[in-house]
Amino acid sequence: MNLPEIDDTYAEAFKTKAAHLLITAATKKLAYIAATEATGFGTSFIGCPAEAGINQYIPPEKTPDNRPGYSIIICQNKTAQVETQLLERIGQCVLTAATTSVFNLLPESDKQTNLGFKLAFFADGYQEKIEKYGKTMYKIPVMSGDFLIEENFGITDAVAGGNLFIMAKTQQSALIAAEAAVNAIEEIPGVITPFPGGIVASGSKVGSKKYEFMHATTNEEYCPTLKNKIPNSKLSDDTNGVYEIVFDGLTEESVIKATKTAIEAIKTIPDVQKISAGNYGGNLGKYKIKLID
Amino acid sequence: MNLPEIDDTYAEAFKTKAAHLLITAATKKLAYIAATEATGFGTSFIGCPAEAGINQYIPPEKTPDNRPGYSIIICQNKTAQVETQLLERIGQCVLTAATTSVFNLLPESDKQTNLGFKLAFFADGYQEKIEKYGKTMYKIPVMSGDFLIEENFGITDAVAGGNLFIMAKTQQSALIAAEAAVNAIEEIPGVITPFPGGIVASGSKVGSKKYEFMHATTNEEYCPTLKNKIPNSKLSDDTNGVYEIVFDGLTEESVIKATKTAIEAIKTIPDVQKISAGNYGGNLGKYKIKLID
Amino acid sequence: MNLPEIDDTYAEAFKTKAAHLLITAATKKLAYIAATEATGFGTSFIGCPAEAGINQYIPPEKTPDNRPGYSIIICQNKTAQVETQLLERIGQCVLTAATTSVFNLLPESDKQTNLGFKLAFFADGYQEKIEKYGKTMYKIPVMSGDFLIEENFGITDAVAGGNLFIMAKTQQSALIAAEAAVNAIEEIPGVITPFPGGIVASGSKVGSKKYEFMHATTNEEYCPTLKNKIPNSKLSDDTNGVYEIVFDGLTEESVIKATKTAIEAIKTIPDVQKISAGNYGGNLGKYKIKLID
Amino acid sequence: MNLPEIDDTYAEAFKTKAAHLLITAATKKLAYIAATEATGFGTSFIGCPAEAGINQYIPPEKTPDNRPGYSIIICQNKTAQVETQLLERIGQCVLTAATTSVFNLLPESDKQTNLGFKLAFFADGYQEKIEKYGKTMYKIPVMSGDFLIEENFGITDAVAGGNLFIMAKTQQSALIAAEAAVNAIEEIPGVITPFPGGIVASGSKVGSKKYEFMHATTNEEYCPTLKNKIPNSKLSDDTNGVYEIVFDGLTEESVIKATKTAIEAIKTIPDVQKISAGNYGGNLGKYKIKLID
C-alpha cells in the first residue's frame, strides 16, 4: 500500500469562544440522544447559530452522578453568543430530554455564566438551589421527575477551523479515509468535528470571485468535476474525490494532536493520494497548524 | 395487564408553516447523518430556530435517484422564516454532508421557494441548471463531486403541537411507553416528533405564574415531585412519572392519525395509568385533537 | 458517471429450507437487539450452524400485538436442522431477550414445527396454551413478566446463494456499492443478506486446488493482490477491490428481485467497473439467476 | 430517591475457558459489524455453541495497526471447544467481513492455538507468513484485498456466570436499571455480558422440577406473574419486574469489579427495590461473588 503524500503546508485556525459541558442520563443511549439534539444544526459559523459537537463518551465511573454521559462543546465568536446558545440549546434540547442532568466541564475558567440559575426560572418558583456531588446545582421539577443542572458554566478561549484535505483516487476512498480520521479524532479530549458525521463534502474558500454577497463559495481548485474546466486546478488527473475534515479544539495543543492523529488514521486507508489543508495565506487566523511536524 | 384510562380531553394544536424535503445519499447511514444534523436544535419554537425532524426512511425504490433517503420536515410560524431555515439548514448541514442530494416533497404546494437556485450561488459561477429525474435541478461542483438539488421547494400550511401525556407508576414505564409511541408515529407519513428521541421530559404550561419574562414554565400540576407540595396536582398518589410526546404534521388528518396510533402503542406497555393531553382551554389553537374518537 | 459493465452470466443458487419468524418487543430497539442476537454467527453453511439474518422492520400497525418487530429468516439444508436451530436460537436469544414475543410468518406452509410447545417446557409446568391475536400461543412466565410465542412455525423450501460480484477502481468504491446494494435488498420481503453487514469481503470458490480437506477457498481469480501473480486473473489492471453480496430468499422470485434491485443500487455509485456473479458451471445449483434479464 | 436493598448473598460463578481477540477495521462501524456477527448466537452454554460478546471499543491509538477495533471474548468449557469456536466464528464472521484484521489479546497465555495458521489454508497456497506490527501474522489474499491475522491466539482460564437480579416496582424500571448496569460493565476490561443487549429477561434455575429432560427452567420464585400462584415466591407484593444481568470475565477480579460497578449503576435508577444474585447453594461453582463487599 502506497502512503499518501503530505503537503508541506498548514491549516489556518482561528480564535473562538467555547463552552464544554457534560450531559448524563439514565442510559448511554438517552445521553446520546440529548447530546445529538443539542449539538445539531451546528456545523459552521457561516450559517449556523453555533459550531457544536459531541466530544466524548464519559463512562459512569467518571461522571459526578455515576451515570453514562457525553461531553459536548459549543463554540461561537463571542462570549455573549455562547451564552445565548447555551440557554437555547440546553434549555430546549437537554432540559426537555429524558432523564438528563448537566455538569460544567470548565469549572476553572475565569469566565463563568450562571446558566443553571437562569434555566431554573423554568421551575416557576419551585426551583431549589442545592449542594450535590460536591457542586452547586439547581433542581427543577419537571413532568418526568427532577432535572438537575450546575449553577455555573465556564466559557473559554478556543481554536476553530483545524482542517485537513484528503485527496484520493475515488470519492469513496476519500470518504472512508475521512471517516477513519473522525474515528481517531473523537478519542481526543477537547476536540469536536462539527460537520455531519464529522466530514465536509463541500470545502469552501472565503468569499466569492463572482458574487459579492457570498461569504463562502466552493473551493473550485479542489473540485474533481471542474478539473478540466478551470486553469488552476490543484488536483491531479487521477484524483476523483476530495473530502475535508474540520475540527475545533479547546486548546491549540488539542488541535495539533487532532491533526497528527487524523493523518495517522488517513494513512491506513488505501488509494489516498495526498493530504493537504486549507489556509488563507496566514493573514486571517491566529494559528498555523503545520501538517509536517 | 390493565389498560390505561384515557382522559376525555383534547390536544390543542396550532397552524404553522412547513417544508417537506427528501435527502438521499449513497447509503442509508449517510442519508441519516445528514438528516439528523439538518433537523437538530429544532425541538420547539420557544427557543429553537425551527421545529424540525426526520419523518421517514424512504427506500431506494421510491426515491428519484434510486438511492436511500430520509424525508424531513422543517416548521416555522411564517413562510419567510421557513425559507431562512431552509437556506441555513440545507446549506450548512446537507450541502456539506457526504454524497447527498435534495428533493422537493411538496411539488404541488402553491408556495414554492427557489432554494436550489439560491444555494447554487455557492458554486461561484460553476453551477448548472439541468433536467434530471424529470425535475429541474441545480448541479453544484463541490470537493467531493457534484451536489444536486431541486430548484424549487414547496412550503405548506401545517399543524404543530399535537401531543399526549403518559402517566405511569414509574418514570421508566412512562418513558418506554413514550418510546413505543414514537416508534409508532415514525411510520406515519407527514408527521415528525421534534423533541429529543421524540419525547418531552419537561412538558410546559404557557407563561408563568411568577416570572413575567418567561414564555413557558414547568407544568407543575403534572410534576411527580411536587405532588405533595402543591394544592392542585393532577397526579394520583401512585403516579411517579409523566412523559409527553409532541408531534407536528402536514395535515390535521395526519396529526389525528398520529394521536390514534400513539395511543394504541402506549396501551401495549404495562403500568401506564392514564393518557391525557395538553390544551389551553381551546382559545389559542385552531385544532382540537380529541383523544377519544 | 460511467455505468458499470454487467457480465452476461448468472448466479447459481441452491435449494435450502427456511423458517420465517417475527420478533416483536416493547420498542423498536429492543426488537432489533433480539433479532440481531438470534441471527448472529449465521453467515454460511460452510462453518456456521445456519444462514440467518434480519429481513425487515415490521411497524406496529402491521404486527399482531401492535408492537414494533423485525422479521428474521433462518436457513439450513434440512428441515430437522432448521428445527434444531429454531429451538436453540429462539430459546437462547429471544426467550432471554427483554419484552419479546415471537410469531409465525409461514402459517400456510405444509410443514409446521411445534416450536412454541417445545420451548414452553421452560415454564416447568406453569406454561399455558392460550388463544390470543387470533392465534394459538404459549404463555411462559419468566422473571420479567410473560413470554408469548406461537405454537407452530412453518418451514418452507427456499433459495440460498443468490450473489453478485462488484468490481471497482478502489476497495472503498466496491465496499460502498455493496452497502448500497444491501440497503436496497433489505427492503425486499423474504430476502436476507446473511454475511456481516450483508457484505462478503472474501468470496470463495468451491473446494481447493491444493488442500483436499478444504471445502471452500479464496477465489484467487478475483483477488486484486494476486492479479500479477497468477496466470488466470479475471481482474483488469485498474481493478483494486472486489466485494460480493450474498442473499437467500424464500422464493426464486424474491432472489431475482433482489438481484435486479441490487444491480440498480450498485449503478448509483461512481467508479464501479463491472458487476458479475459466481457460479459453478451450472451443475451444482438448481437455480440460475441471470444478471441481464 | 430510595436506594434498593442489597441482598446479603453471592453470585455463584464457574470456571470456563476463553479467548480474547481484537478485531480492527477501516472504520469503527465496520469493526463493530464484524464483532457483532462473530459474537452472535452466543448467550449461554445451555443452547448456544459458545458464550461470546464484545468487550470494549479500542481506539486507533491503542491498536497495532492504528485502526479502530473491538475486543471480543469467546468462552467455552474446554480448550478444544474454544478452538473450534474460534475457527468457525473468525473464519466465517470476520475473515468474511469488510476490511478486518485480527489480533491476539492473550499473547502471554500458556496455551496458544495457531488459529491464523489454520485459517490461512483458505488462501489455497497463496498465504504468506509475515512479520508486521512486531507480530507474526498471516496474509491471506481475498477479493477485497488482503486479510491479516496473527498466527497464534491465547486461551486462558476464565470465570463465567457472574450475575445480578434486579427487582423493581415495574418491569420497565428493572429493564432500564439493567441497561444502566450493562453500560457500566462494558467499560470494564476483560468482561462481557453475553445475553441480548447484555440483559436476561428469563433467568433460569438449574434443571426442572417437572421435566427430567430439561437442563434449565424458569426461576419461578422470581416470576412476577406467578407471585400469587406459588407458595414460595421470593417477590414482594409490589414487585412487578425482575431482570438479570449475566457476565463472564477473564479473571475473578474482573467479575468482582463488574459486580460492584453494576450495583453502583443500578442504584442510579428510581423504583428499583432490591438487588440479589443467583446461586445454587455454593456446591456447583468455584467462585462466590458476594454482593456486599
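When the chains are written out, they are named A, B, C and D in that same order, and each has its own residue count from 1.
By our rule, a contact is a pair of C-beta atoms (placed from the backbone, for glycine too) under 8 Å apart; a residue touches a chain by one contact, two chains touch by 3 or more.
Predicted model only: the values in this text are computed from it and were never measured.
A.B. asks: Shared touching chains for chain A and chain C?
C.D. replies: Touching chain A as well as chain C, we find B, D.
A.B. asks: Report which of A-B and B-D is connected by more C-beta pairs in contact.
C.D. replies: Most contacts of the two pairs: A-B.
A.B. asks: Which chain lies the greatest distance away from chain A when centres are computed from Cα atoms alone?
C.D. replies: Result for max centroid distance from chain A is chain C.
A.B. asks: Rounded to the nearest whole Å, what is the centre-to-centre distance of chain A and chain B, using the mean of the C-alpha atoms as each centre?
C.D. replies: 25
A.B. asks: On a C-alpha centroid basis, what's the spacing between chain A and chain D, in Å?
C.D. replies: The answer is 34 Å.
A.B. asks: Would you mind pulling out the distance in Å between where the CA atoms of chain B average out and where those of chain D do?
C.D. replies: 38
A.B. asks: What parts of chain D, by residue number, touch at least two of the other chains?
C.D. replies: In chain D, 26, 29, 145, 171-172, 175-176, 240, 269-270 touch at least two other chains.
A.B. asks: Which residues of chain B touch chain A in the complex?
C.D. replies: Touching chain A from chain B are residues 26, 30, 33-34, 36-44, 46-49, 52, 87-89, 91-100, 121-126, 140-147, 165, 171-172, 174-175, 178, 195-197, 199-204, 208-211, 213-214, 216-220, 222-226, 229, 240-244.
A.B. asks: Which stretch or stretches of chain C touch chain A in the complex?
C.D. replies: So the residues of chain C touching chain A come out as 29, 168-173, 175-176, 240, 269-271.
A.B. asks: Quick check on the complex: what are the chain D residues that touch chain A?
C.D. replies: 26-29, 59-61, 65-68, 145, 176, 179-180, 183-184, 187, 261, 264-265, 267-270
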